[in-house]
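The two complexes that follow have subunit A in common; it is paired with subunit B in the first and with subunit C in the second.
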Partner chain A sequence: MNKSEIYPVFAQLTKAAEKQNAGLDLWDGRDNAFHSFLSDGFPHSKMEKWRNTDLSTFLSKEYSYVENTDPVSDVDINQVFHCEIHNFETSLFTLLNGAYVYNTSPLTILGNGVIAGSLRNVWSEYPELVNRYLGQLTENNLNGLVSLNSALGTAGFFIFVPDNVVVEKPVQLVNLVNTEVNPFLQIRNLIVLGKNSKLTFVQCDDSVNDKNSFLNVANEFHIAEGAALEHYKLQNKDDSAVMVNTSFFGLQRNARLLTNTITFNGGTTRNESVVNLDGEGAEANILGLYLVDRKQHVDNQVVVRHNAPHCNSNELFKGIVDDDASVAFNGHIIVLPGAQKTNAFQSNKNILLTDTAKVSTKPFLEIYADDVKCSHGATIGQLDENALFYLKQRGLCDSNARMLLMYAFAEEVIREISIESLHERTADMVSRRLNGELSICDQCVLHCSYEKPMEFEIDITKI
Partner chain B sequence: MLQIKDLHVSIDNRQILKGVNLEVNAGEVHAIMGPNGTGKSTLANVIAGKAGYEVEGEIIFRGKNLLEMPVEDRACAGIFLGFQYPVEIPGVSIMNFLKTAVNEQRKYRGEEPISAGAFLKLVDEKKRVVEIPSDLMKRSVNEGFSGGEKKRNEIFQMAILEPMLAILDETDSGLDIDALRVVAIGVSRLKKPENATVVITHYQRLLDFIVPDFVHILFDGRIVKSGDKHLAMELEKQGYDWVKREFA
Partner chain C sequence: MKEDESQDALNDVTHGDYKYGFVTNIEMDTIPKGLSEDTVRLLSAKKGEPEYMLEFRLHAYRKWLEMPMPDWAHLNIPEIDFQAISYYAAPKQSDKKSIDDVDPELLATFNKLGIPLEEQLALAGVAVDAVFDSVSVKTTMQEKLSELGIIFCPISEAVHKHPELVKQYLGKSVPTTDNYFSALNSAVFSDGSFVYIPKGVRCPVEISTYFRINAKDTGQFERTLIVADEGAYVSYLEGCTAPMRDENQLHAAVVEIVILDNAEVKYSTVQNWYPGDKNGKGGIYNFVTKRALLKGVNSKVSWTQVETGSAITWKYPSCILLGDNSVGEFYSVALTNNFQQADTGSKMIHLGKNTRSTIISKGISAGQSQNSYRGLVKVMKNASNSRNFTQCDSLLLGDKCGAHTWPYINVLNKSSIVEHEATTSKISDDQLFYCQQRGLNSEVAIGLIVNGYAREVLNKLPMEFAVEAQKLLAISLEGSVG
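Up next, the complex of A and B:
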């Protein structure tokens, strides 16, 4: 008897699995993955890495399990969503309630060999390509939710960048939820970078309405030798949304990764990044910023495995926690025997604005090599009184002085956004969020079509 | 302009100022000198309104009871404190920071916000007065600045905000002689008949450039001796030992 059976959604899941076995012809290992889910169940708060995020309250709610839908083309995405980052030119892809939205074809194949589009369609046309990568990084399905995603996830995004191809235009994937039911969704994204290739990938998680929703997203990023991935994840979900987002990164020799997760809003958001530095000379920069208030909860988990020598990893997570909100950070660094000359750094800094805001932060270093440099640091504090005094002494009122200091605190993460238009917009979003203007921007993370005059005198966008 | 009457200040039940009396009038330059740990910075902080002190006594600034005003109102009323350790604010350029400060102060006085053109003109003019390089202006406030650059930035802010009363807390500490000269010349050029300056310093050398009208020795929480610039010279020659002997 699995405890997960008590949840209303469970019956729908088993039904979906049966139906799938009876017909749906997709990639291997799905049946095994479902069995892993059945034996592991949903992650629960007795598990060390789930101590701070208890899903049981949410899982007890009624959800409608969304059968994995075929790609859709009869949706005018502009009707529900419009990205308005000025001068932000991207190749835009959209998932609406888990379904891949397309105009002409669910697959785009470019002259340089880049394949992008619906994961499901890529599988039917190039099954060997998908099977070569899918599930290779998920570590035997890390936990019950990842197993469930491997078992039942049939929709999602796929991009393949061949060797030596540099994708100049950032690729943007908007994961939008807008439905009248309370959806339980599984989304699987697979990103493959060939040798010496380059890609900038921007993932936006949005919701348009405030229905209860449960999103279980798993991303796999395969980064081959010498390749470079710049990855941004911008999360602006509504307060009723639960999102569990698990990203697996595999880096080969001399590969480069920058991943930056910015959480503006969300009911309960859990981000887990598992980074494997598998080849010598690989480097990963893992950043995060979370601005949390009311009763929101954000849990960032990072696992970095130094499996090869001469690799660098650098983690920086910062957050501002207001009202009754709570956050957790768990930074796990593992240096395997033989991974000499490792540099691994980790830092988590938090500002608590109220007595009732909560932070749990835990560095966890396992080092099995003797010639390494590793450090970690965690701080939880309030705004610096000396700095406040300095600003007010110049005439700034209390609220502006506080806001300026919060912005300055967040800026260390924002400054690492190298796409200028995205940097500007993010900076603007952060200042609006801090100013209390933006709880949930009406649509996209970066949709700022209505420009309320800001009380704050500084035009952050021009700094 | 400023009257301090029988000012007692303690922090965590430790008495720091034990009855300070001081009067500063428009057009005057006062130097407050004294050995380390005698309460010089505390005096500056209490005038500016820093929290965390227990204060008794009276500070009247242009007819207003300063002790009842919050920090920002004192700033807007014309009090400027040049910090000994200016704070770094990453991600916010000096230009934007100062424009915010100028406009907050104008708002307090019931004036319209400064226009972009007028602000640029003001910056340009003051930049020359304190010889601040343009590239410094584009950087984040104090971030990665050298000691000299931070102090120069303090004087630049003072030039832009044009306070009635400027209190410079150990502006000379950590400066080499060239930086000291630039800072001091800036301060002298900003001096006007209607404003006043209080220079807090440990050494006489700053006073070679900013000639004080009055010199006060603060020792053990009290002003134990006042005089003109010759008092500073005497301190330079003889050190503080005689003060300690005479007033301890």
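Up next, the complex of A and C:
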């Protein structure tokens, strides 16, 4: 029996679903998805995968369901946001409160066949393209929020890279929330890579004010034979934001994926990645870094399914947990019968800085094939006292020495960022974050553009 | 390497027969099948229990009725008809004061199992309590032990003779309503051993209980309670077997250990219930709750288990590390073959300061079996400077079996360190090639590698047990290696 009816937002959702049914004739399966949401309800902490993330207190708040509006052109995005990364040349796309923002046209069509822009617009112009991919990887039975998104998430970002096309410039998608109401948003992104194509995709999730917000984002990544996707996700949300992010990745033969999720800030952030290695020789690298303090909560869930032989997967999640923050990690490697010659590795490392912080980790292995090499490791601990002593003895003050060690801990994830400017910027943000800077200026986190990178200072007076 | 040859060797190694599958024909006293409050009362009356025990049982039974069957384990458990089981089966016997009073048929049974009950034949250094279906038939060396103040007797006897101890410790480390099977056990438990080691006493011999299921359509619900008073030490061994039958039989046991200041208990099990035949027919359903409460400072417990039997194993020996500086250890080898299913592991709950725990688990899956490690390490806020190290490895022999690892780790303070690592793989071709190149045939090579793999755990067993366990691993694997 689901108790979703008790939440104030529920009535708005059913109304939206009715309205949608009566109006627009969008893609198939929305109806079924909504029924599946009605029977599953919102995820609750009795569910095995949601034991560490309780949404009920957030769902009990008043939210305004924001209808998925059509793309907007009358917003000057530079007025609200500028996330400047020096020398980081990207094709920038923006979602503001779920709506796609454009200057000239809601769809950008390049000479090499790349189509990028509003999902809603691409549906009306190229319905066969959307219908071929949308929802194909989504598992609506995963939880109620996924099916809710499938039912109501009709706006968002779309990019299609045709076969054999290498997109030189990274594509950056900024997902902004800035409203006067407390928004409840359903965002849907669809990313399709054709055979032997290549794309670097950077997703930034930011909020500009500290309204209570509830974001339910679902992403689908179709990676065809021989294609390669580099995916970065930088999350920097305010403390009252709730974000549930579910990404489905489908990899065909010899496809490659690198996905790196870096959570700097966020009230409650849940990232769930479902990676299906469907073709032989596919390879997935799944990385994550989370730096949380105060009462923040980050929950990372990764399911990797080895459905075909000769696939490799590699997971590395690291985090530093301070104050009253809590984190959860659940990695689940499934090797299906017949998926021989599988290599699957998983690692989760946590540093706990206070007695009020909490870490819960569940590294699962479920293996039905014998010719495999699988391993997982999980650690929860502190900074190495010996290393700390060594640094202090070399003249670093205690706080700098600690920061340097924490930075070194985080660096293992950051160094996998292959774009140099993004790497530098992320490294700088991590240093600042560890220095407490990003979390101090809550209100204007994103308005600052730093001129000089952060450096570790050696305190001469201490020598 | 020749694939076929190694496949054959693997098959040879994993198709061994269960050698304890015989049935003893002996006159039995059983109660009718079915479970109700009346059954519980009848059972209690049959054992002539005092009022407090009946209360304990009835409370447990009522709670059990309200509880759902757990379904979280990675097991496919067919529905169990609790009304189709007889909850009491005892060989008819007179008062068993001396060895001459014990039915010779029973003695022969235990001799056949390699457990000599005659005092003069008993291996020096082992005291045995032999439990046959629902009752204990013979406890050896009782007198010698009582000289030291050690109490070693069937729990049904302890209920009468030592009510103050039983009342004080029964249900303390495994509360009646802890889980579905512990509630069931608390309601209908038949017999088991009670061990009490007084202050400062180091038990000079190994204490052991041997469980045998013999009767048809019965279940065994034994209950063991071990109390180590301040500064005491005991090493306890447990063994079990059952006849080969096509029907599944239920075994739901509870083992409770309470350890006070500076005391230490070593608990070793070789579980060899009938695992069912090669097609997965028959076998024991083994649902066991084992828990040690480390109440005192500097107390220590060490669980060592070799699990080769049972059609289904559901067992998580755990430690509640309450006393400061207490130490919990868990060493396990779990082997599944044919259609066996095992979901086993350990729980370490750190409550006291400077508590330490170690989990070493080695899973081996062959045939079409499913073998899971499931564990919980929880470090509470006040358990500062605690330490846990967990290693669980799985070895796969064959492409139809499964090996799974489900660890749960929760840490709530900043001064504790928890490490977990696990690997899953098959025997590498390199290792096999190396052994074969040295002149070992593939069967011997596989046996050698498996034994080496499990060595870390087998080394923790008392010597006689270790030898038996090694043989058992070899037999259980017979005919499965590939």
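Basically, the second predicted complex is superposed on the first by the 437 of 463 C-alpha atoms of A that agree within 3 Å, B and C clash if a C-alpha of one lies under 4 Å from a C-alpha of the other, contacts with A are read in each partner's own complex, and residues count from 1 in each chain.
Methods note: a contact is a pair of C-beta atoms (placed from the backbone, for glycine too) under 8 Å apart; a residue touches a chain by one contact, two chains touch by 3 or more.
Source: prediction; values computed, not measured.
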{"item": "Clash or fit, subunit B versus subunit C on superposed subunit A", "value": "fit"}
{"item": "Contacts of A:L353 with subunit B and subunit C, given as first, second, both or neither", "value": "second"}
{"item": "Partner chain in contact with A:T361 - subunit B first, subunit C second, else both or neither", "value": "second"}
{"item": "Which superposed partner A:S375 touches (first subunit B, second subunit C, both, neither)", "value": "second"}
{"item": "First, second, both or neither for A:P337, with subunit B first and subunit C second", "value": "second"}
{"item": "Cα-centre angle that subunit B and subunit C span when viewed from subunit A, reported as a multiple of 10 degrees", "value": "70"}
{"item": "Contacts of A:D384 with subunit B and subunit C, given as first, second, both or neither", "value": "first"}
{"item": "Gap in Å between nearest CA atoms once subunit C and subunit B share a frame through chain A", "value": "13"}
{"item": "Subunit C-touching residues of subunit A, taken from the complex the two chains share", "value": "48, 337-338, 340, 350, 352-382"}
{"item": "List of subunit B residues in touch with subunit A within their complex", "value": "48-52, 70-72, 74-76, 80-81, 83, 85-87, 89-93, 96-105, 108, 113, 140, 157, 161"}
{"item": "Of all residues in subunit A, those that touch subunit B in their complex", "value": "384-387, 389-398, 400-401, 404-405, 407-408, 410-412, 414-415, 427, 456-459, 462-463"}
{"item": "Residue ranges of subunit C in contact with subunit A within the complex", "value": "72, 74, 381, 384, 394, 396-426"}
